[in-house]
Amino acid sequence: MAKVRMGMVGGGEGAFIGAVHRWAAALDGEIELVCGAFSSDPEKSARSGAALHLPAERVYPSYQAMIEGEAALPAEQRMQFVAIVTPNHMHFPVAQASLSAGFHVMSDKPATFTLDEALQLRELVNETGLLYGLTHAYTGYPMVKEARQRVAANQLGSIRKVVVEYPQGWLASAEDEADNKQAAWRLDPKQAGISCCIGDIGVHAANLAEYITGSHISKICADLTPVVPGRQLDDDGSILLRFDNGAKGVLMASQVSVGEENALKIRAYGDQGGLEWSQQEPNTLWLKYNDRPTEMLRTGLPYLGTLAQANTRTPNGHPEGYLEAFANIYMAFAGQIRAFESGCVADERSVDCPGINEAVRGMAFIELAVAASNSEVKWHAFPDHQAT
Amino acid sequence: MAKVRMGMVGGGEGAFIGAVHRWAAALDGEIELVCGAFSSDPEKSARSGAALHLPAERVYPSYQAMIEGEAALPAEQRMQFVAIVTPNHMHFPVAQASLSAGFHVMSDKPATFTLDEALQLRELVNETGLLYGLTHAYTGYPMVKEARQRVAANQLGSIRKVVVEYPQGWLASAEDEADNKQAAWRLDPKQAGISCCIGDIGVHAANLAEYITGSHISKICADLTPVVPGRQLDDDGSILLRFDNGAKGVLMASQVSVGEENALKIRAYGDQGGLEWSQQEPNTLWLKYNDRPTEMLRTGLPYLGTLAQANTRTPNGHPEGYLEAFANIYMAFAGQIRAFESGCVADERSVDCPGINEAVRGMAFIELAVAASNSEVKWHAFPDHQAT
Amino acid sequence: MAKVRMGMVGGGEGAFIGAVHRWAAALDGEIELVCGAFSSDPEKSARSGAALHLPAERVYPSYQAMIEGEAALPAEQRMQFVAIVTPNHMHFPVAQASLSAGFHVMSDKPATFTLDEALQLRELVNETGLLYGLTHAYTGYPMVKEARQRVAANQLGSIRKVVVEYPQGWLASAEDEADNKQAAWRLDPKQAGISCCIGDIGVHAANLAEYITGSHISKICADLTPVVPGRQLDDDGSILLRFDNGAKGVLMASQVSVGEENALKIRAYGDQGGLEWSQQEPNTLWLKYNDRPTEMLRTGLPYLGTLAQANTRTPNGHPEGYLEAFANIYMAFAGQIRAFESGCVADERSVDCPGINEAVRGMAFIELAVAASNSEVKWHAFPDHQAT
Amino acid sequence: MAKVRMGMVGGGEGAFIGAVHRWAAALDGEIELVCGAFSSDPEKSARSGAALHLPAERVYPSYQAMIEGEAALPAEQRMQFVAIVTPNHMHFPVAQASLSAGFHVMSDKPATFTLDEALQLRELVNETGLLYGLTHAYTGYPMVKEARQRVAANQLGSIRKVVVEYPQGWLASAEDEADNKQAAWRLDPKQAGISCCIGDIGVHAANLAEYITGSHISKICADLTPVVPGRQLDDDGSILLRFDNGAKGVLMASQVSVGEENALKIRAYGDQGGLEWSQQEPNTLWLKYNDRPTEMLRTGLPYLGTLAQANTRTPNGHPEGYLEAFANIYMAFAGQIRAFESGCVADERSVDCPGINEAVRGMAFIELAVAASNSEVKWHAFPDHQAT
């Protein structure tokens, strides 16, 4: 049995997220990077491919050339899926072209530039029957999966309150914008879309809340702000939430919280217990009760559920981090591809991977948050057709 | 020089907060409990007074009797101030009667039952020229004072974002209500007023945010909920904030967050730095920066400011807690009384004590939060006359 | 019923530990400071007494005068016990004189200057039948008591390993010594005795380990060091331990661990579970297991045992600190005095107070540690007669 | 430029550490597993190789066959180094054979079965001039490297006290031994050598202390114990340390500390500052001072030194873990190989990799600890020839 073959679009020299995808794909030795179109600049693409030890003939000057070139190769050699790690506005066209040519797609988030594109993409995925993955990587952590399974098993009772927050500080001053390529495109409406903070990180927080609780956000009241003078897009946002199961909540995202790193954190409270998880200490899950001591659950221990177990590599006390979580998304997707090709049903671990529904909900959330923030009306509901 | 003499109204057998006030007043040996009307039941009052080692003749059957009896004593014997630790609805009448008879007042919070009473009380305080203290005890912690001084000294730059939260879990189920005297009155509109969660703890969070930032909340958008079925008053609330300096924020209070204890916590971010303080680890203050390591400040160390120093008793590493913070409020008030009696200006430490302005703002916040939550309009402003 | 009446020797202006004893004694309103000999300088004693609001006639120029003067008062007025807060070398003579005159004694630690004095004192206590308390205040914390009760109830199984550490940093440089009265006497063999670090804090660590485990240290191997050049006494020590139940352990104490505050911490492991407690976060006790999640126990919660409950004042989430722990020692001792005077048996809470046995073991530990450190022989046993 | 080619000995089905080495080698895409002898059982080796997607002709029935087979391949195809992940007793023969055949060696620790073998191995490495790496992986963490650089730059002043501890709980009961393959061989003198706890984890602690402080342990006093009845080898050990720079310290290692996971932690104190690092929260380094606030340093931030920067993949707030630390060792070794082959001097990052000197010191430490523990003499010195 061979490794699963991956092609990459984007992620050339100097790009950050492309490297993350490659580390994640490489870690478990089940996926092989076989080709790439790493930049719209053919020379840069070629240099990047060489640095990645790819043969020159599999390094393409454009994604179109890659799709064409790979399609012409024998089935057992050609790439099986395309990893899309371009800037946001290219996600949709590359995904569209890849699916249309018969290749599965693993896309960086946000899935598309607009909700409308996401809805089109959903149609295309449904039509082609091909696989689509989306790297909402924070749901790849074992303890996030444990949290989801505990809620699903009703161990906290009915969920009534959710607080999810995602403070960062790196965009706190205008100089950050000037010096930093990462900052520049996120704050440019032409490259980032209608939102910076909610589009970049708020959407992760919303996805995490829905993944863990198993409920959907149904209404929001939003207050987004470009805190740093002169910005066109929000760099901070606070949102009151209501969920379709009756729970209420708060979502906070910020890129101007000076001194915060990447402090994604969630707390959820049912009528029987509460949970807390922090991305910066990802191997710990806290369960809280009114009538007995708080419990600290840790990765790698036998009392955890099937998904946490299946997504952990090392024994307890050997911390796993962001790349391992990211790799879990890739491993699940690779499992889906193997099942697809063998005509089997994918196993529990492989199915547990963000996909096209998360893509649509994410884009819907971003557009709703911006609209709600611009309105003097308090509550704004998700339109039905966007709610999967 | 004698100790400052305190009379107490309320706080008889089985009452919790009366004991807290007595511990706080006793700790430093500067205040002496000389008399009390500990219960509206004269026998219970008498038993309570005896247990507190008071002579029988200074234990009164009613607050009216105490005011009358003490007023008849020689000036150097009679109580100097009245500590009010009754249920909420009695705070105003006792304060009114005490001030009218020439006694200073230290009141448990909330100051009154309604905003209207608070406004009346403010008038009375101004007319009599007497002293009024309010036990927003969380501002008594040295590291809260340090936070305030650092913000005032512009060490974080201009404050742009505030997140204050106060989750508790003890009212998470209806049974809690039935079994628990503390729960019963807080959830009864006749005793607690128009709000449970915001009135009991949300108002502490708001006060803390204003104390530390030195700014006033100017607008809110609120979502209060009686989460447990059958309740008339809110047991959870989330509020979006805007401050008069332009900062935005979020205030969360909850009594149904299962497993949370008394987890008051605040984070504030300026354009140069951020701070974080948690009531359950009160001797630590975190200062955060984008360009250098996060700093952990600790009580008792020489790099702290004047207020933190003046409000700490023990060397670093010897934790001080809630009672010490509460005692700091009492020590400040005792200092005000000594200054008042000697005709001096109170020193920095003594002035730093919540008073009638905080009383009015607290009641205004509660009433505004309830009104805002009941409205479909998004933002609600503090009326000018309530904003001190 | 009147308050218990306390006289104090030492603790005048500028002294630290005297103030701690007074705060602790005052907190609960059960003990009244009625007299004192606060300094060997009569004027200083008088000034100190006035500042403490004592009548001039109860402020004495010497401890001898106090004992004589109080003995001459009517029984219902005179002090009932003497709190000794002098420098170490005076503990024994004051305790001896007080007991001989019929007064109970509460002494700061270490009990005496030498083991020999401690053994004499034990004889005197036994002869007089009077009460003797010793402020090993760290055992006053509720969660330390919980730990002891859990071990006693065999919830961790048989204890096999103990790690107790007490790092401080405040004596890390020679300048600290010059500037600091607290440092000066501790490093002076004439005032401190044969050890600085072990005598001042190591003995607390040893006491804590014995209190929690219910076992006695039976053998040690010690390495004490005057780390800062020029010092005569140790400012750091590491000691291997063996306990009489077969457990092994390590005790570390240090005053040159730069940046550490007062970081007393203990871990104990039985064959069924482990526990961990840190003095700087005293309201938390960790219980650890191999087969289920670590538990975080917190003060004020109903699952705690009788001693923790009886020694906690405030609800969960309202932190109690060092002064409350210290006050617990005083409350226990006051309970012993009331029981003594009424001829009753003291209750569980009152009995739980360090006394003359801890005094002897502490002095024996200090002398053994110094001897062992000076020896090239590895293991040194506690002589039987010192081991209570 | 091609990837560096790795062969593996050991690490077949069901082995844990082999998988760790493969993840670590694969992560960065710079090393390719090209062949292996995964088990002494040829069928098992073949199955393991197939599962790892290796061509059948590069999966060998024995390490001898692998060395022979690879040596026969063209230089640009054959493996460049051998990763040894067998049980301990096979480390030496495989390393010897590999080096003798001209292959570099990356060995799991401990390097050999005895000190004598380690000394032989050092001679062979010196003779052949080939590269030898040892996976003391905990020194691969960026914040460990930062600690080393800060000490080397004298930012803490002269180091005077070191406390390094490594508690685990997984061997706390005899049943653990029976059920667990990992336990069984570690407790069997024939497979593990003369020590379990010190040989398995104590040696990591010693290595970490020497790596960070830049000083060598020169004398020890040891107390090792087989705590669980019936065991032949130690499962717990406490060791007093003296370093060649005059510092003192304590090393604790335990496998019977119930509820502890893999809690390697180090504290070091100089005369100007202290540091603390914990393996279970590896992205944080604490720096402590007496005269200013404790600092929390975090991976990925620009104030860190060259080694921390070079060994971090993701931005701050994206936690890296054990596999990334392990991969850093592999990346350094791959850098050495590339430099070796190109005749260049290896760069700072590549040189920073545990090697043959650490191999010798580790074996010397284990043998000295066992001898010292068995002796009634207190202090035992490292013989010179073992001390590198």
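Order as written gives the chain letters A, B, C and D; numbering starts at 1 within each chain.
Here is the rule we use: a contact is a pair of C-beta atoms (placed from the backbone, for glycine too) under 8 Å apart; a residue touches a chain by one contact, two chains touch by 3 or more.
All figures in this text were calculated on a predicted structure; none of them were measured in a lab.
Visitor: Starting at chain B, how many touching-chain steps does it take at least to reach chain D?
Guide: Tracing touching chains, the least step count from chain B to chain D comes to 1.
Visitor: Give a one-word verdict, same or different, on whether chain A and chain B use largely identical residue numbers at their interface, taking over half shared as same.
Guide: Because over half of the interface numbers appear in both copies, chain B and chain A meet with the same residues.
Visitor: Is the C-beta contact count larger for A-C or for A-D?
Guide: Per the contact counts, A-D leads.
Visitor: Need the CA-centroid distance for the pair chain A / chain D, whole Å please.
Guide: So the centroids are 35 Å from each other.
Visitor: If you average the CA atoms of chain A and of chain B, how far apart do the two points sit, in angstrom?
Guide: 44
Visitor: For chain A versus chain C, what separation do you get between their C-alpha means, in angstrom?
Guide: The answer is 56 Å.
Visitor: Residue numbers in chain A touching 2 or more other chains?
Guide: Touching at least two other chains: 260, 287, 294, 298.
Visitor: Sort out for me which residues of chain A touch chain B in the complex.
Guide: The touching residues are 156, 160-161, 163, 165, 167, 169-170, 172-173, 176, 221, 223, 225, 227, 236, 238, 240, 248-250, 252, 254, 256-260, 267, 269-274, 287-290, 294, 375-379.
Visitor: Where on chain D is chain B touching in the complex?
Guide: Touching chain B: residues 287, 291-298, 301-303 of chain D.
Visitor: Show me the residue ranges of chain A that touch chain D in the complex, using the header's touch definition.
Guide: Listed in rising order, the residues of chain A that touch chain D are 1-3, 16, 19-20, 22-23, 26-30, 33, 50, 52-53, 168, 260-263, 279-283, 298, 300, 313-324.
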